[in-house]
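Next, two complexes with chain A in common: one pairs it with chain B, the other with chain C.
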Partner chain A sequence: MRFRTKVFNIDCIHHFTNVVNTINKLLKKCTLRLTPDKLYFILPDQVSNGGVSMWCELKQANFFDEYQMDGVSSEHNEIYMEIIAENIVRALKSAHNAKSMKIKLTKKQTPCLTVEIELPSINSSSRLVTHDIPVSVIPRRLWDEYQEPTMPEFHVSICMPPLKTLKNIAERMKNLSTYLTLSANQEGDMVMKVETELVTVATRFQNLELPPFKDDDIASQAPSKLWPPTEMASARVDIRKFLQFLAGQQINPFKVICNIVNQSAIHFFLIHDDISLQYFIPAASV
Partner chain B sequence: MKCILPAVNVKLFAKAIHCLAKIGLEIYFEPLENGLALKTVNLSRSAYVCFLFMRSMFHVYEHGCGDVTVNGDAVDTFKCKVAVKTMLQVFKSLSSIERSVESCDINLDEEECSLVFQLKCRHGITKTHQLTFQECDSIQAVFAKDLLPNILKCEHKLLSDVVVNFSPSLEEISLCVTPCRVNMKSYTDSDDEASLTMRTEMSLNPEEFADFQIGVDTDVTFSLKDLRAILAFCDVACIPIQLFFEGGGKPLIFTVEQENYFRANFVLATIANDEFSSQRENNVMSNTAFKTKMVNGSKNLQGKKSTTKSVGARYSRTKQSSINQQKTSSVLPNGSSKSTEMSNHGRTSPLNEIVEDTTRNNGGHADGSPEIPDQNFAVGQDHISSPVEPEYRDMREVFFAPCQNDDHTIVVLAPDSDEES
Partner chain C sequence: MDKTNKLFFGTNMVLLTQNEEERYAFNANMNNARNLSHILKAIHFKDTATVFVTENGMKVTVEDAKCIQANAFIQAQVFQDYIIREDSITFCINLDILQECLSIFGSNPPSVTAMRMMYNGYGTPLVITLEEDGAVTGCSIKTQEPDQTLDFEFSAANVINKVIMKAECLKEAFNELDVTSEVLQITMSPDHPFFRLSTFGTLGQSHHDIPNTSDMVEFFECNQTQSNRYRLSLLKPSVKAVNLATKVCVRMDHRGFLSLQYMIKNENGQICFVEYYCCPDEELENNDNQF
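Showing the complex of A and B:
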């Protein structure tokens, strides 16, 4: 098992930092999966996570100048490790104006992800910061828990309005209730609603874009084909989890797709040039 | 005592109060002949801070009180301590102080029992704070920083740049020096903890330091929180910072100084070197003759409660100060210059060191009370202590460890002890 990578471009470092910051906002502990061309940050669908799950993949070539890895074996050329997201964020904070950054898997007292950062100094010499982030390597037999989630069989799929706008609204709604109902139909209408005994607040968005359907993914679209286009599909979710998703965004996706499985879950899909991030929030029972 | 602080210096003074507040719970307020001293020591007595604002910092500085003599002894000026919280009230908001305060009058009248801070602000507003205080003896750390083998001097920015890389929850940091490299490392106490927390290390080139003298390769571990407090002050003072140190278990001194203006000394305890103390312990155990000697020696140092066990102990911030006092003192005897010299010259038998230590310990205390060293003792050391602390000879002190050797001084924290009669 071997992993080592190098970055010299400060923009790439900042870009990577943004991704990690986003992930840190969503979860505490995540699984980092390394393959020869991609990096994945995964939060598997577990009860202990409150049903929330996340899947984020990055193309390594877009971030790193050098990237070498050997997985656990030649037929399973991958590495899975559990890591505390906040630690990576802290380590990358030092890299704000770095000359170069190396990330490698090392064996110290415990397995560590070592981040070596070369910083400029007032004279010709450079300062070297090393962060050893403890990780636990996940054995081969447990890998199945961390497979890519299948696309849910959603009823309505819609492109979200700008997340900033949603965030501002959701933050105010949070003061009224702990749950928010997100609903949408296939004609480009979306509603965010909170209900209490005294008041009901709803914000409507109209004429939203509908993501184009791909014909190859028939299974997940099956329910939406049967769904009446004007009918609202809705899911009631924990408003804090929804806000966590909205507030932590630092990767400026060009499109955010929201898939609603009526009364059971919301699936967000962020699309960016070299990153894709999926986030699932289960519906709360009434 | 009466003084007036001009607007330009109020911010520095306020920042000093903020710094003191981060370390101790009480501020010792001491008007001296050459200026106003503010001191504090933290609860576990592992950090001591002394600010001396000299006459030139004030518009007006009336030391007052004069040199009254009672029975031929010079009685020093009235000293008091103020709870940090009350003092902070006066200088709460740095930004508003910077914006509006035109001068600050400080008035200490012992007859009237009043300590008054008056902030003269713009538009003729005057804010008057009458503080409660407690009369007390002085505290004084005894140290001879000029005799320490390792001296570093750098811009405070360098240290700030280092410190930002460390986790905010980290307690202690290690500074490791060799003639060609300076490393700062995060320090974790136990191995279980080490496997869970992130470790950070930063390495610097000696060229980055304005002054770089390393006499002894060593590493010292000290509180990061205290260092942060010091750096926060330096941020406003904007002058280079100096470090003086020798090794683990012996104090680390930070000095920030502007000639004839003000001076700040920060004395931090460092964690004793593990290997060395455990080695000592083993040796003590292996030789009963030495063991008894050692027990006597350490008893002399630490008072009746001490046991040999505490020889290997480290300081702990959370422990009661009395316990801590013992622990630190158990560490300090290693600080006698001879034993360090020996360890530098290829570690001669540690047994000899113990003999050295114990004999000196015994000798140093043949006549004195074990817990409160004789006043004369401190006077005897006077020529070593820098002129910085002129009031020093009149202080009643409880030493963490007495000085055994005439040529060298060990840092000692001298709190106003409850034990004195």
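Showing the complex of A and C:
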């Protein structure tokens, strides 16, 4: 197993930092999967995560100037490791005006992801900051737990309004209740609603864009085809989990698609030039 | 509940028809919800508030321990539309919830949230509709049986000492009060020390004097030396008001009851008042007691 990468461009470093910051807001411990052309940050669907799961995919070529890796074997040319997202964030804090940054997999007392940052200096001697982040390498037999989630059979798919607006609203709603019902129909309406004994608050967005799915993308028997366009599909979720997703968005996505599986889950799909992020929140039973 | 549901989810929920609007006993709208939430912040030290609505405006009252009362007055002119079809309306409402609803779109400028408030009489919820950038929020807040509010019988005729000053100078004094002191003693006198705030904490006494000649003092009329103690824990909430105010009027009546009137400007430049009444903690044996 070998992994080493180098980046000289400060914009790429900042971009990578933003992605990692976002990941850190969404979860504590994540799985980093490395393949020859992509990096993945994964939170598998496990009960211990409260049913929330995440899948984030980056093309290595968009971030790194040099990228070499050899996986566990030639037919399984991949590496899976578990890492605390906050540790990467801390390491990258030193890199905000770096000249270059190297990330490599090393063997110290434990396996580590070593981040070497070269900082600018006024004289000829170089300034080097090194962070060793302990990781635990995941053996081949457990890889199956970290497979890409399948796109759920949603009833309604809609483009979300600006996340900042949603965040403001969800923050207020959090003070009123623990659960929020998100509903939408296929005519561009979306409603966020909380209901308690004392108060009912519902925010409605209208004329939202609908994601441009091609007809052949969706099977004719798909739930979204059979769902009446004006009918609201809804899911009741924990506001904190929803806020966690909203708070983490530092990468200014180009579009955020929200797929609702009526009464069972919400799937967020974030599209950015070179990043794609999926986030699942299961519905809470009433 | 049926009606509110229709209001939220009816296809035409934003634009209520004229008929629907007319049904409400109280119906008012404001082009900037912050004008209301800002002033309510000044009295927000308890969950429950009593709201009185008359044709002149709205009064929101919050009380604690039967010793302190805060009133916020929002004149009808602060609203752009103000219709009341009864002589007066009284109800209790959860202030926390009301405030969260009013600031649902976030409370920071430059965003401006338009608001409509409707109430249909005893037992019905207060319905608030807010709109910002095309997004509409409907809130339906349950109202409660109105509480009997205290009457402090504080009348201008019995006022002995009165000082009006800029809020800045009290702001500083109030924010730096020694919190270890149980009481705040306010002395008002025609002679030295004129206006004095004293605390008696674990680290010693502290006096904060404002002379009548200070630039901060705009009006000074003290007829008799009065020195009264007030529970600091009761007066503490008025720090919220002083932080928002531009001017403060401090008055004391013959019984030692304290009235603090705060003048608060909203974003449209209109003036609203918040008034705190507080009863004295105990009578000093000698009213002329000087420290």
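In this section, the second predicted complex is superposed on the first by the 277 of 286 C-alpha atoms of A that agree within 3 Å, B and C clash if a C-alpha of one lies under 4 Å from a C-alpha of the other, contacts with A are read in each partner's own complex, and residues count from 1 in each chain.
Criterion: a contact is a pair of C-beta atoms (placed from the backbone, for glycine too) under 8 Å apart; a residue touches a chain by one contact, two chains touch by 3 or more.
As the structure is a computational prediction, the values presented were derived from the model and not from experiment.
Asks: Using the superposition on chain A, tell me whether chain B and chain C clash or fit.
Replies: fit
Asks: Applying the document's definition of touch, where does A:Asn87 land relative to chain B and chain C: first, second, both, or neither?
Replies: first
Asks: According to the stated criteria, A:Asn175 is in contact with first (chain B), second (chain C), both, or neither; which is it?
Replies: second
Asks: Touching A:Val201 in the superposition: chain B (first), chain C (second), both, neither?
Replies: After superposition on chain A, A:Val201 lies in contact with chain C alone.
Asks: Examine A:Ser285 and indicate which partner it touches, taking first as chain B and second as chain C; both and neither are also allowed.
Replies: In the superposition, A:Ser285 contacts neither chain B nor chain C.
Asks: For A:Pro161 in the superposed arrangement: first (chain B), second (chain C), both or neither?
Replies: Second partner only, chain C.
Asks: Rounding in steps of 10 degrees, give the angle chain B-chain A-chain C taken between C-alpha centres.
Replies: 70
Asks: Quick one: is A:Ser74 in contact with chain B, with chain C, with both, or with neither? Answer first, second, both or neither.
Replies: Neither partner.
Asks: Report the closest approach of chain B and chain C over their C-alpha atoms in the superposed model, as a whole number of Å.
Replies: Across the overlay, chain B reaches chain C at a minimum of 7 Å between C-alpha atoms.
Asks: Let me check the overlay on chain A: which residues of chain A are in contact with chain B and also with chain C?
Replies: none
Asks: Using the touch definition from the top, list the residues of chain A that touch chain C in their complex.
Replies: Contacts found on chain A: 161, 165, 168-169, 171-173, 175-176, 191, 193, 197-207.
Asks: If we count contacts the way the header does, which residues on chain B are in touch with chain A in the complex?
Replies: 158, 161-162, 164-165, 167, 191, 194-205, 207-208
Asks: Hey, which residues of chain A end up touching chain B in the complex?
Replies: Residue list for chain A touching chain B: 87, 90-91, 93-94, 108-110, 112, 119, 121-134.
Asks: Please name which positions on chain C make contact with chain A in the complex.
Replies: 4, 8-9, 13, 94, 96-97, 100-101, 103-106, 133-142
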